[in-house]
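Note that chain A is present in both complexes that follow, paired respectively with chain B and with chain C.
For the complex of A and B:
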């Protein structure tokens, strides 16, 4: 239990110098230049672009995965026979435990060419919307691809939380809705979905936390470029976690400290998201 | 003269059931959607299997709506909702299936008779696929996971016992912390261990990797153990107390033996959670090409093997990465079967 505090403490201790040197611009700046390796004062380090990349890929992931997760949870809980339900729950657990490196290698080999084609089509027809515009004409390892892959990774997480909450929806109200002549969808919409809303929000935030901190899958599917990239189809971006993994190998001592500071920021952000998620999920459990 | 009034018992009807004709119409809707999807697939740019699926997926709810149009607005909406839910579910399973199929198809290319027993000590990654193997990575992963298990399982179970059995003052706080800890990004755990263990003890080592893994494993073990301990009936505990046993004695001689297989499940789930962790190992155990049992040195592991082989860009190296992914997937699959086995044993009790 001391571990949590220790993690924060040590990262703060290591990264302190960076915060002292750069202050708030470490978070807002989007340049990463160690300058002269001998003289640390020439370095300009900022994780703004990476932080933005983390957030935008995670948002894409959540936007894509939530509708599918809700549909899957409803299907498992209310539509399929019991024997199939137990199988599906096992499969869900299994997919949730798939290593991210396996997702990453699949995303790189299978999803990348597909998404490249889709991106071209989207740009062709919807290019007039700023975020879909790709002036460079280089698609490929874009935030959209990374977000899509993260979305696939967090579907099982959100689904299992949503399913658990839906299964606690008051049975008598559902039966009452049916007895009044409502259809199955009518009962789901009137009883189950409102009941499970806060649980769904909590589950989504858990998924968001996972998507924010994901390293390897993003490393493999997102081109690390230090710029704030709104154009989600263009091949440029990065996130804090993949920044750490990329720069770690050849980092100078000073840069290493900056990576520690970046890790601390990531740690605090995910901790915040997870605290929120835990509180919301626990609350929605207590209603029952 | 008496009038015989014939009263027939009401015939039970099940209005919510599909009539046979309705079943036919629904079936027809699927077939029609498939056919139209196929036509679109041939004629327009929506090509390939995915194009077929997308075309069909959008048409299916529409056809289902038409198939039920004589049954009123509510039923139509209900049917559309069911169709959309079914289509969304299938859309979710396609990538899952694709992952399994791709990994096994591409992974089997790298497989050869001594793949599991050779290491990469004398084989460059770009060498022909019949040379080299992943023995070093398997041994490394096993060693680190073993050490991580030894570290985290006792702590996890103690935390669970504190929450469920002792119910001390900090129980809810610890529970909250454990839940929050499960959301710590794996790379942050890696950075932490790097900044402590690696820098203090001079260099990458299997120990550091194992410690990073144990940090990630702890919350899974603690939460699963907690769920399992809650299953023990209150009767069992109170009767133990009634016989004069202390709480510690109750826990160690009654509660834990009762749920032993559940606690093993918790440990296995924890292992399944960390066996494929890549990011923290980049920062802690690094990589090594030969089979090593020395915990003070850098050591190979399956995820890093996949990761570093992939980074080389060489065709044979990439094939090796897929081979590693297949073994890793097989390992996770095996661990899951184990947990199912144990948890079904709990239920029988």
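For the complex of A and C:
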């Protein structure tokens, strides 16, 4: 708590001037122009596009990761033998511990060419849906790629929470479902999935928190462009964390304050999401 | 013959040898004190606990025989259970609880719901369809559990202490209802209980465990 308060206090102290100068438009604005370095009144700074990018990549990540995480959790908890369960849990822990820069490099080197092709195919068939339409014809380092990579990164987090909640599902109800004619999958669907719903929501929010705050993996796989980009296959976007990482090294004193303010916004958003997740996970533990 | 068990059942350290069979239309009451293995019999027949040795068979189909490595999964056994602790699904309405078995057997939703409603009417709960189990009394829950087992039209109905979880007034009502329902049930019924009143009320034959 002390560390959290210290970080929040520091960011507020350093970024306060920015909130005073730009007010709410710092959060809604989509332009990042430092203007004349000598005259701070010429600067136009807003993290709206980056905040949108954070949200859209995190949403893509969650949409992709949740089905995988649920399937993996059910597989580990109810289908595989004990010895294999131990191996799978170790592998998941290992994946969760991988540094995000490793994910980022892998995403850039391996996933990027694949996603580029997938994106072209999606655009070809589903381009009539606005979010899949890419008028520029430039694919590659898109929110879709970054979201997909983030999705893979948060699968272990969501799986771990889901597995814990599913493991506490009442076995006697699963048996009852089987004794009434339910197949194993039918019994899991009737008992375990509804039982673990709130735990899964909590785990998903924990993953969302991680995805919102991810820096290096997004920095390497998303083309930083200051515009609100709804077209998730197009090579343009960014998120707040990667903005900070990109600008930090060469920032002026005033821009540094803006980056601190951006950091504070990100800090509050992820804190809020994680706080909500913790409440939901704890609530689901009490129910079980 | 509808079902027969010749062999040894067991759970943990506990083991018991049994030899009985039940024919269609018959209600076999298995009585005995706590710990005599009554519930283990029900769970073994339902396929929730494997048979230790011997053979469990129904209509010439072997459900469980460890020596020839034959074991039929619970969902493929033509039986239904009313558990001692009922085990109603708390997140489902009464009618959804009853319809579960039919849906699990691939019956279309509309048909499953209408058949469930009919069975709920039979057990006197037609106006309780939308309620959740938590909003029912012990006796009402017991009737839902009974309806849930009957609706799948099993060949073998397994009743595990069906009247133990209800108050005295509900027990009297259920003792009247149960024989009425079982008289129209075509398959074999196995009732395990420690209450001789239940045996007198519904059983056609009894088997005592010591």
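We adopt the following convention: the second predicted complex is superposed on the first by the 287 of 288 C-alpha atoms of A that agree within 3 Å, B and C clash if a C-alpha of one lies under 4 Å from a C-alpha of the other, contacts with A are read in each partner's own complex, and residues count from 1 in each chain.
Going forward, a contact is a pair of C-beta atoms (placed from the backbone, for glycine too) under 8 Å apart; a residue touches a chain by one contact, two chains touch by 3 or more.
Just so it is clear, the structure is predicted and the values come from calculations on it, not from any experiment.
Once the two complexes are laid over each other on the shared chain, residue contacts for A:191 go to chain C alone; chain B is not touched. Of the two partners chain B and chain C, more residues of chain A are touched by B. Residue contacts after overlaying the shared chain place A:173 against chain C, while chain B stays out of touching range. In the superposed model, A:213 lies in contact with chain B only, and not with chain C.
Contact with chain B, but none with chain C, is seen for A:114 once the two complexes are overlaid on the shared chain.
Within the superposed three-chain model, A:146 lies out of touch with both chain B and chain C [touch as defined at top]. Residues 178, 182-183, 186 of chain A touch chain B in one complex and chain C in the other.
Residues 43, 46-48, 73-75, 79-81, 83, 85, 87, 89, 91-92, 100-101, 104-105, 148-149, 152 of chain C are the ones touching chain A in the complex. The part of chain B that touches chain A in the complex is made up of residues 16, 45, 50, 74-75, 77-78, 81-82, 84-86, 88-89, 91-92, 95-96, 98-99, 102-103, 106, 159, 174, 176-189, 191-192, 195-196, 215, 218, 269, 272-273, 275-279, 282-283, 303, 306-307, 310, 321-322, 325, 328-329, 332-333, 336, 340.
Those residues of chain A that touch chain C in the complex are listed here as 172-173, 175-183, 186, 190-191, 194-195. Taken together, the chain A residues at the contact with chain B in this complex read 1, 3-4, 6-7, 10-11, 13-14, 67-69, 71-72, 74-75, 79, 90-91, 93-95, 97-103, 105-106, 108-111, 114, 121, 152, 155, 178, 182-186, 188, 206, 209-210, 212-216, 220, 241, 244-245, 248, 259-260, 263, 266-267, 270-271, 273-275, 277-278.
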